[in-house]
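Order of writing sets the labels: A, B, C and D. Residues in every chain begin at 1.
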Amino acid sequence: MDTPSFLKRIIRLVIRPDEQARAQRMARHMIDLCHALLSERGEVSGAALARETLIAYHSLPEPALPALFDLLSSEFSPDPIELARACQEYCAQPSTDTLISLFELAEPPRQELFRRLNTAPGGTTTLVGMRALLLRSLQAHPQWKGIDADLEHLFGSWFNRGFLSLQRIDWNTPAIILEKLIKYEAVHEISGWRDLHRRLEDDRRCFAFFHPALPNEPLIFIEVALTKGISDAVQPLLNLDSPVTDPQTADTAIFYSITNCQRGLRGISFGNLLIKQVAQELGREFSKISTFATLSPVPGFRTWLAGIPEELAATAAGRAAAEAFKCLDDPDWFKQKHTAERVQKHLMPLCACYLIHAKNKDEPADSVARFHLGNGARLERLNWLADTSKRGMQRAAGLMVNYQYRLDDVADNHEVYVKEHRVVASTALRKLARECPLSLPDKR
Amino acid sequence: MDTPSFLKRIIRLVIRPDEQARAQRMARHMIDLCHALLSERGEVSGAALARETLIAYHSLPEPALPALFDLLSSEFSPDPIELARACQEYCAQPSTDTLISLFELAEPPRQELFRRLNTAPGGTTTLVGMRALLLRSLQAHPQWKGIDADLEHLFGSWFNRGFLSLQRIDWNTPAIILEKLIKYEAVHEISGWRDLHRRLEDDRRCFAFFHPALPNEPLIFIEVALTKGISDAVQPLLNLDSPVTDPQTADTAIFYSITNCQRGLRGISFGNLLIKQVAQELGREFSKISTFATLSPVPGFRTWLAGIPEELAATAAGRAAAEAFKCLDDPDWFKQKHTAERVQKHLMPLCACYLIHAKNKDEPADSVARFHLGNGARLERLNWLADTSKRGMQRAAGLMVNYQYRLDDVADNHEVYVKEHRVVASTALRKLARECPLSLPDKR
Amino acid sequence: MDTPSFLKRIIRLVIRPDEQARAQRMARHMIDLCHALLSERGEVSGAALARETLIAYHSLPEPALPALFDLLSSEFSPDPIELARACQEYCAQPSTDTLISLFELAEPPRQELFRRLNTAPGGTTTLVGMRALLLRSLQAHPQWKGIDADLEHLFGSWFNRGFLSLQRIDWNTPAIILEKLIKYEAVHEISGWRDLHRRLEDDRRCFAFFHPALPNEPLIFIEVALTKGISDAVQPLLNLDSPVTDPQTADTAIFYSITNCQRGLRGISFGNLLIKQVAQELGREFSKISTFATLSPVPGFRTWLAGIPEELAATAAGRAAAEAFKCLDDPDWFKQKHTAERVQKHLMPLCACYLIHAKNKDEPADSVARFHLGNGARLERLNWLADTSKRGMQRAAGLMVNYQYRLDDVADNHEVYVKEHRVVASTALRKLARECPLSLPDKR
Amino acid sequence: MDTPSFLKRIIRLVIRPDEQARAQRMARHMIDLCHALLSERGEVSGAALARETLIAYHSLPEPALPALFDLLSSEFSPDPIELARACQEYCAQPSTDTLISLFELAEPPRQELFRRLNTAPGGTTTLVGMRALLLRSLQAHPQWKGIDADLEHLFGSWFNRGFLSLQRIDWNTPAIILEKLIKYEAVHEISGWRDLHRRLEDDRRCFAFFHPALPNEPLIFIEVALTKGISDAVQPLLNLDSPVTDPQTADTAIFYSITNCQRGLRGISFGNLLIKQVAQELGREFSKISTFATLSPVPGFRTWLAGIPEELAATAAGRAAAEAFKCLDDPDWFKQKHTAERVQKHLMPLCACYLIHAKNKDEPADSVARFHLGNGARLERLNWLADTSKRGMQRAAGLMVNYQYRLDDVADNHEVYVKEHRVVASTALRKLARECPLSLPDKR
């Protein structure tokens, strides 16, 4: 995505007063253009004025950004007096007419501003990029929340699934798109074009969602391996030199990486749909493939584990486990067979317990678990030494998990999850969790 | 656009009670699906449930439609109690948080329902078609206004100009699109494929706006003739047997027909942008073309004329005119040279006066004038016997008018028009209007 | 295909001497350009000179054509002295070297001329069009045979099946291609766009071969009806108002029309491949379709019948038949049930006999039979009153025949046909033929 | 291009007798399929048999190749007796008929075999690959010359320029094509994707010719830099980190690399056309660009120089030059300013002399000079230390040359070159050559 030029320069820590003044002036200029764009004249001059405003935005120096957001926040909100009157009229008589009027006045003029900015070439890209910048600073500047709410509302409408197209990514795809995969991949880094090429061979599949207004920008993409049986380790899937197998012999599709590409689209979810649509697509192409499962990280496991020393100390079994885990700081602990087996014995039940019982409010503590369980998958299997990369060892001592998508059960699972906060897991995993030495209050 | 099957059958006048009950049941069933689609489960089952709901809609018998709209109206509006509370909170403290909350609650759940329906294949087409049906009956059923407001709001966002693509239509265009032009053309009827082919030859141009979700459906299209000088009559342009001229010799582009294709998109205006974008496109392709003008009907002229007998009777000149106009009921009046000249002398000033001075509230009485003047064009020239088709004679006694688009003046003209309701017209036309026998109060 | 302008004008019968001289001069000029194009300079100036030569060709007046062909014939043949020397060298010592040299010298320079003409835009189209003109006059001008041989040789190489693409034609196809179908259709005339549209509905299929150098010109196209059972009459298939059936319920594909579009490609056969490739394509799309058959005219039947009065007179059965056929001159004979039945009884065996036994040298007398039997089809069934159009009645008294393509038997059938001149026919048809009153010498 | 599997294995030096026998059998099998394909049955079974034959070819082990070529050579040549008879008939009476018959019989049946092989998917690719293999061994096996002559004749017809399309290559091009550029680039090696990306930025252009039957295989490609003035050194053009300049400011297009991609198409020249078509394309896009020149290596210079010690020794100036050149074996000689200047003084005139006067028979001794002069370019300027890569220093002591293409002079230059073997060079270069100490016989 295009980013204002300031992001391409090194950010200086100290801003001189004259620079500050210049930045203010430029932000003011851009805001004046925004007002013009919202005026009558803006309506007819249309795309030309929108283009000019976008250019002004892209020329802003970095220090102008907070000023811009402050002005966007303060000058494009509804008129409080008019809106208050509409509120009173609605409360006095809640009719279709008063409601329509209330809704219209409650919509910040910013939304219309953004709709008009969108008419210029590159408008959508710019707005998505603007929200990405906004989100970076939102916690520090809660007063900008209104801008974010407006962008999110518009994006939710514009990026409706009905407007997205699912496209297969392969070696026939233009380089301008492929380089984005290399850049965006968030789960298992792509080391370069050779690595990418291996992930696009005959026994792999890659799909992405695109929006017509962002033709070279994947919104989200998923990487799939076509295998025999459910994979229990990720390194073999990522191995550049692994032989390419005949996809017609596969019975399983392993989703081993899902990446949201556009930070500016946070909260506009596509992942749920993508997995199911890809599963259908693969089912059509390969009649033998009947199992759809992920091979997923357990990103929060070791952090959680580090937070329960007292719980472990409470039982003999827990203490034995804690003793066994001392070796985990040695980066090579898993290479010694004996040590590894000892750790495995204690770690697997704890991880099963973590995935099934550890909660953040009502939801699973693990972010990846939240995503897949929320989509209607079920926890299928825990895999020992499944990701021995540095990151995999640090986050989950090498453990990975399979979430299985049974298309017939997805809606039921989702409903159970949402209504009762119940985690759907395989019998084997439930059994494993019961071996855990902890006595968590919500352990069943 | 797809239309529910009932539109394809003959509408029966009397509906039997059992049919009525069945229609009610089917509308209820469709509404139940809508509720399911808005539920949690709807979120995850996604497109499948949306598809089912669309199928239910398309199977509705005609008598079910009023019931459906009634239910859509009553069951998907905001909760008045919650919304009233949000109103009070906002009025008590108009902050970003209370505003966001108010806006969210003021948005009817119907909008989210429509967004979810849109995720199914054909969703956009169905919703646009549904609004077309709704608009037919809105005057008789003002209680459905809320549904219309929601659809218009969504369409305004979805059909943002930034998402539209301008496409040239020519003989290389797929037949499935070309047949739509024949069907939709609203200004000068296309009599068949041969007529269409003549309008797509080298000395003609046709452009349309398309939306990615409606790939075979033009939203609006414009027909252009590339000519030497500004055309003063439309029959030569429409003549199937006219020789094709070399477009490189043209100095003028005449927009002789603009058609909005989708009744369901009423109020979502593209015409303004289309004319300007086409003018730019043609300017790029043909460096010699510097004049962009329409050849437009004056649809309201004779109706207006029929309404001012007393004003005419007030002056001698007016009475002479009224006397001359008596022949207008003879369909062949214009074929007699002497009669025609007499009519022309009296009619031209009155038509100039009509275009410049006749008002409907603050705006021009003539609908075509409203459109082009609102877009920043100026009234250029009145053309005698310019459209001698039956319809052209009936509506405007054969008169047509050129509106000229000077790209440099368009924004100024528009502003003057909107702010001061001033009609921008050529000196010649103003002079002609001054010869008119009426003394209208707003005559300047 | 583009044709020189003279074809668009009415051909005048008398050419004045000065016109004749001008035509000669223009032909000479074009030939001079051809010589330049073949020279060294032509090699490097390349496409520019080729383009100039094409323009000269397209500006030729009609009377210049014979002069042009004469010059093309005489001035671009091999040098007889050099070629004779190469002949002698080859005969003296038939080696690779003498053969290569002989082949090179035996190739008329015309072939290289045509290859160079082909480098200009529109070259292929022009050359195909030139051969179409040449073929019209070849019988009267046998001295031009060498030009034809060269063009046929080149086209055989250029239009190799490996370079052709099979494309489905439907309502999404550009109008510029669809209008060619209307124009070219040779078997069952297409009466206009509505007729065409019906032939492209869901229960019909149309496929064509295209060459990359002629993107908007089908080389050959085939029309297919998807039916239940083998069709026994063509009027129901052509009926504009017939209801569209669900293609998924079909078990048979009826090829009811095959048209070669380019007269200039005569002798370069694609039909054989087209039928088989379309059968495969349909087999893939519709798993239920297992029967592939034509519904074909019997164009030579009544002409043949008119030529055998004596053979008929030789037997009592023959005389009875001849008596019955007297009614055939009444255009409405088939509408009277009794008459029709009497004709049917006598006519069917004779037609079966005609198809199986009537020969032109070793091959079937009927041209359509020659085509399909040569492709490996078998004669399946004779259909009574299957084509009651004027043309159908005139040519075959309404009879049509199904040729069936069984993909497994096609190669065997073809071989039997080519080697032994044996006609492969169904038992029923053979039996019918045996009822025929004639005692043809080759009747088995 | 696909290559038979044996090329992917390591070639073993000793072939055991049983392997030899197996290879013979497999070659025989493939040849039997070829005979079948040429038979009547082959005509109708068409693509299926051709596909089978291709598969047999691709399964051949390496040792089968010579046997295959021997059989292709001996069993698919014309029948010498029939051909001799046709020779005699032609000599006796050289008419159109006897010529047509002679040409037909002189064409080896191999050509028809190759045309039929081409009907299978991948046929063209296979045949081009087969010729690449053949060319490797042709010198050692002159008896295979007939096969090569047939393939070259066919390719000359199939790859006619009229069938090629010029395509721009940029970052939007599919990766499957881009990786071919990296692989094929023969002039200035592309070190990887980053290098490639720099060569496709805004101030660079890349174009390739494609044939419809080889959609992902460039036949030839050209790399262009858009510059101010004629470049005098190649390293700045290849520098990955050079800033991208605005192409609108360029006045010159430098062709810095031209690569023929398909060895199997040797002798089928496209380069001439490509340069001129690209020059036209760039002239259209950038109205300011008026100079088209290459920056080319002088590949044969140092080899030539090493071969003339006696000529140098013949004059005092020559001896001084020879003395100066002693340092050339030191790879860093050019880094010392004094040494470099001394070498330059002596080397530049000799190189000018080499380019203008050194001959191989009648043509320039330098292969790159032959190509560009033959295309109508002129020798423009010699550039000192223009290619300081290892290869550039080894082949030409760092010298490079600009050949300029003036579109108006190209045809004249070419003609002068072909007819009189005259080298067209700038005044400056001619003057430089006159300073050379040699007295070559053809020095003017």
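In this text, contacts are C-beta pairs under 8 Å (C-beta built on N, C-alpha and C of every residue); 3 or more make two chains touch, one makes a residue touch a chain.
Just so it is clear, the structure is predicted and the values come from calculations on it, not from any experiment.
Enquirer: Hey, how far apart are chain A and chain C in touch steps, shortest way?
Expert: The fewest steps needed to get from chain A to chain C is 2.
Enquirer: Please work out which of C-D and B-C is bridged by more C-beta pairs in contact, and write that pair.
Expert: C-D
Enquirer: Based only on mean CA positions, could you tell me how far chain B sits from chain D in angstrom?
Expert: 61
Enquirer: Calculate how many whole Å lie between the centre of chain C and the centre of chain D, each centre taken as the average of the chain's C-alpha atoms.
Expert: 42
Enquirer: Any idea how many Å lie between the Cα centroids of chain B and chain C?
Expert: For chain B versus chain C, the centre distance works out to 51 Å.
Enquirer: Mind pulling the residue numbers of chain D that touch at least two other chains?
Expert: Answer for chain D, listing residues that touch two or more other chains: there are none.
Enquirer: Sort out for me which residues of chain D touch chain A in the complex.
Expert: Result: residues 171-176, 178, 192-193, 197, 216 of chain D touch chain A.
Enquirer: Which residues of chain D touch chain C once you look at their complex with the stated criterion?
Expert: Spelled out, the residues of chain D in touch with chain C are 40-41, 43-47, 73, 77-78, 80, 83-84, 87-88, 90-91, 94, 96-97, 99-100, 102-103, 106-108, 115, 118-121, 123-124, 142-143, 145-146, 149, 154, 156-158, 160-163, 212-213, 272-273, 276-277, 374-376, 410-411, 414-415, 418-419.
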